[in-house]
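Alright, structures below, take your time with them.
Each of the two complexes below includes chain A, the first together with chain B, the second together with chain C.
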Partner chain A sequence: MEKILHKERLDDWIAALSDREILSPALEDGVWAFRPAGAAVRLDYPNTTQPPKGLAFPQREVFFSFEQVKGEAPLLRQTLPQVAQRVVFGVRPCDGRAVPRMDKVFSDHVEDPYYWARRKQVAYVGLACQQPPSSNCFCQSVGGSPVSSDGLDVLLTDLGERYFAAAVSETGKALMMAGESLFEAATDADRAQLQGAHAAALARPQRAVRDPDALPSKLKASFDSPLWEELARACIGCGICTFLCPTCHCFDINDEVTGAAPLKGKRVRTWDTCQFPDFTMHTSGHNPRENSGARLRQRVSHKFQYFHENFAMHQCTGCGRCVTGCPVGIDIVSVVNKVAEHAG
Partner chain B sequence: MINLQDIRDTARDLLASGEVRAVIGFRSGSRGMAAEPAFITRPEEADELVWDPTCFHNLALYLVEDRKFQAHARANPAAPIAVVAKGCDARAIVVLLQEHYFKRDQVYIIGVSCEGSGVLDERKLAGHLNGFPATSAAFDGDDFVFVTAQGEQRLPAREVMAERCLECREPYPREHNVVLGENRSGRELALPFAALTRFEAQSPAERWEFWQRHFERCIRCYACRSVCPMCFCDECVVDSITYPVTAETTAEEKANRVRWIERSATRSENITYHMTRAMHLAGRCVDCGECERVCPVNIPLRLLNNKMEREARERFGYEPGASIGGPSLVASFRDDDPGQFIR
Partner chain C sequence: MQDNVYLPQLARVVRIADEVAGERAIKTYHVEPLDSAGFEHACGQCAMLSIFGRGEMMISIASSPLVKEYKQFTIMRTGRVSLAFHELAVGDVVGMRGPYGNSFPIEAWRGKNLVFIGGGVGLAPIWPLITTAMAQRGDFGDIGVFYSTRSSSIMYRAELEALRGQADVHLEGWRTHQAGVAAGTAEQTVTAENSVAVVCGPPAMIKSVIQNLCQLGFADEQIFTTLENKMKCGVGKCGRCNVGKDYVCVKGPVYSWAELKKLPQEY
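For the complex of A and B:
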């Protein structure tokens, strides 16, 4: 389904979707974040600091609550998330491409009920990039594009006064049908304008990963390279690069105990990251990923080798957040380029 | 103005003569215009070093890292490690020396005076350039000059300088082995604690609302802790398993260890984390501003640490990083301490 939506009708479309929760980028305290949109959706943003990942995989998820009176069997209460239908506006194509990747992670071998309870309720309305929103964008190097509709339900392209709206999924069609009278049919002239806008977007320069197809084998060959330690020399082991990444998904599970007699609490899942020094710490005190070099190798190889071996696609979508956010300038693009160059 | 060649020559000579085993300085990065920390061990690498207003980082952090590395490797290197240090970085080194983290002869301080230029605030700059990236930054004595795709842009120092530099009292690294640049006072563009004073003019209810709003957002990446040279504990209350595990530690002990702060990034846990960190930095924070700079979600952490700094100053006349020989705030006692309970 391809339609035209005049910009001044965007808010009417939002109103037509009022039975769902609407989110869109908002600038709060200097940070662009997806927030409840209220009546007005803002689409004049560069990109959000964090991707919309948390809507399906929040930083904190309660699995169940427990209670045990001494000597009796414990009582467990599963707490599957109950969330309303949500539509998130202003998803960049790189973040759209993260969605099928996260879906794979949370359904391979076992379907994660918590992830899917949230995921099934979210619809993603994307916005094609006309300009790379950051100087660290490299989506085209990793098989994406600034106009990709992969993983999205609707893709909007800005045509000046109007949006070209393309439904990509059944969910997307339903969203557009809900505001049917607001949309106009797209003509051949509109399609020609769309193609022009897309071609211009594709032609804008981005940073480049050289020969991304060769990366899985080159990374494999570089496992023992001393280069890792050198490249990670400045890394402070914060998790910024992973906590801002649309496809990082590592987690920790803990019991949060709130009372001793009876023993009470909740079992919760929280984000964790391979960049924290204690991430792989064994209970013996031995740590197989002992230094920041080994940890950088894990992050980069997971994105460009292990994920590729498992699912035949790179896990990195080129959003550039880890590059922009790293406080000491560790830059995944130059890291992979240097490692690949070294591997010959 | 500091002559970059002087920094390079100093580093080269120190490495060539074997007087130091490595130099920690700055080189240009591959991401935007910001410099990045550099570790050089060969004299011919000295030409990689740079010096400009994007040399934000407090490199004292890497002295701590080096010390931890040496301890782990059971190494006892004969030669010291050299570090390029601004005024605030040198104050951080002094606190580390006061706390006996390493010995004075294990570090060689290449002091560089900020001479009133200080470093930039990337967020302020981004606001001024409407999101367009700059490719380089320089300071010409009055203004910062940026090169962008749209041409050269000049911006007054006050508008793009880091807050801590606006308020800086000592841009000259008093403790040093060698020092480059003149001993000039700060620019006095703002009074010390200007931002804190503005903040404290609000009512307690407003301030509480402010902190709740900000800490709600914290994602607990701990970048603020990881970047701070004063946060060097081997065990931190927020980590799950860094507490010492020996062959004798039982499974029961591991499981029942007290957890002060939950891993969940919820407002209450986040506030507890930040309060704990602020208390651990009382009389130790040197206001290098790194914690605030690195926060990915823009939490104004400097206000919190400034508050502790001002308390130490007003109540005890104490200034962190002032002298190696002086006592540390929490480990000292004076007859005229205002607290009655201690006598």
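For the complex of A and C:
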């Protein structure tokens, strides 16, 4: 389904979706973040600081609560999320491409009930990038594109006074049908204008991972290289690279105690990262990844080798947030290029 | 496996046995599911055990799958949750979910000689194999059990002693930190022909023993071990036990040396 939506009708479309929660980029304390949109959706943003992954995989969520009187069996109360239908507007194509990757992780082997309870309720309305929103964008060199609709339900492309709206999924079609009267049929002239806009977007210069198809084998060959230690020398193990990443999914599970007698508390999942030194440390003190070089190698190898070996796709969508956010300037594009060069 | 993989079943501690005293004490627990549903497991599989308010930990199931009424866990006091386990009394209720991971291919080993090498609390993950093989003694050839520890304390001492006569038991027989002695002892009693060796213990010990086994002529496919990585979810999501393309909680913990060599040496 391909339609035209005049920009002044965007808010009417939002109104037509009023039985769902609407989120869109909002500038809050100088930071662009997905927030409840209220009456107006803003699509004049570069990119959000954080990807929308938290909508399906929040940074903290409760698995169940427990209560136990001493000497008795505990009472467990499962807290599967009850989430209203949500539509998130303004998802960049790099973040759209993260969605099927996260879906793979949370459905492989067994389904994660908490992820899917949220995920099934989220629809993603994307916005094609006509200028790279960050100087660190490199989506095209990892198989994506600034106009990719992969993982999205609807892709909007800005045509000046109008949006070209393409439904990508059945969910996307339903969203557009909800505001059917607001949309106009797309003409051949509109499609020609769309193609022109997309071609211009694809021609904009980006940073580049060189020969990404060769990365799995080059990383494998470089496992024991001393280069990793050198590349990670500045790393302070803050983990922001993974917390900003649209595809990083590692987590911790802990009990939070809220009362002692009777014992009350919650079992909670929180994001975690392979960049923290104790992530893999055994209680014996043995740590399979005991230095920052091994930890950087793990992050990069997971994205460009291990995930590729399992699912035949890179686990990096080229959003560049890990580069922008790193306080010490560790740059994944530069890292993989140096490793590949080193591997020969 | 439950619908909600993160929700534990409740299980009552019905027996606690002191194995080793001291700073890193070891105790063995028998737990029975409260609702009697429980779960079936295979040799080598693990379970996540909970003490509510303290958290969860991954522990290998140390009882034979032939034992249906309870699961056995042998736990060293080393961290937050294991310390809480050491404070439990018989009758206390804990959480249990599982079973997780793959298992030893014991069916394929019928007719073969079996060599078990355990170090410290690393005897627990291979104990289901030993007890299952002993229960089906006629199905296997020679059975050797080597056990060593850093201290002089031996866990499952009475059970190990009881194996004598039916199996070749060497307590303190394979001191891996003295590899020469180890190889010397083993050479007299272990032959690679038609044999399978299973080793579990600290990573340094596993690496050293595998080297010794290779010197004794064992092929990579004849050597098995378990990777007891740090784990949280048990279902291949949380990333903590990731080694190469594998989540050890799903693809492991059991590996042949042939399989393990294909993974990055990062465990």
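For the reader, a short list of remarks on this structure follows.
In this section, the second predicted complex is superposed on the first by the 344 of 344 C-alpha atoms of A that agree within 3 Å, B and C clash if a C-alpha of one lies under 4 Å from a C-alpha of the other, contacts with A are read in each partner's own complex, and residues count from 1 in each chain.
One rule holds in what follows: a residue touches a chain if its C-beta (ideal position, glycine included) is under 8 Å from a C-beta of that chain, and two chains touch if they have at least 3 such contacts.
The structure displayed is predicted, hence computed values, not measured ones.
Of the two partner chains, chain C is the only one touched by A:F66; chain B is not. After overlaying the two complexes on the shared chain, residue contacts for A:R191 are found with neither chain B nor chain C. Of the two partner chains, chain B is the only one touched by A:R233; chain C is not.
By the touch criterion defined above, A:Q298 lies against chain C but remains apart from chain B after alignment on the C-alpha atoms of chain A. In the superposition on chain A, A:S135 makes contact with chain B only, not with chain C.
Applying the stated contact rule after C-alpha superposition, one finds that A:T270 touches chain B and leaves chain C untouched.
Applying the stated contact rule after C-alpha superposition, one finds that A:V105 touches chain C and leaves chain B untouched.
Applying the stated contact rule after C-alpha superposition, one finds that A:T324 touches chain B and leaves chain C untouched. Contact with both chain B and chain C is seen for A:S284 once the two complexes are overlaid on the shared chain.
Comparing the two complexes, residues 252, 254, 281, 283-284 of chain A contact chain B in one case and chain C in the other. The touching residues of chain A, counted against chain B in their complex, run 29-31, 46, 49-50, 59-60, 135-136, 233-234, 236-240, 243-244, 252, 254, 256, 268, 270-271, 273, 276-278, 281, 283-285, 323-329, 331, 333-334. Of all residues in chain C, only 1, 3-8, 10, 12, 34, 50, 52-56, 78-79, 82, 91, 93, 95, 202-204, 228-230, 232-233, 235-245, 247, 250, 264, 266-267 touch chain A in the complex they form. Every residue of chain B that touches chain A in the complex is listed here, in rising order: 29-32, 34-37, 39, 57, 61-62, 123, 131, 133, 213-214, 217, 219, 221-223, 226-227, 239-242, 244-246, 251, 254, 262-266, 290, 293-294, 296-298. Of all the residues in chain A, the ones that touch chain C in their complex are 63-64, 66, 68, 71-74, 76, 78, 80, 105-106, 108-110, 112-114, 223, 249-255, 257, 263, 265, 267, 269, 272, 274, 279-284, 286, 288-289, 294, 298, 301-302, 305-306, 309-310.
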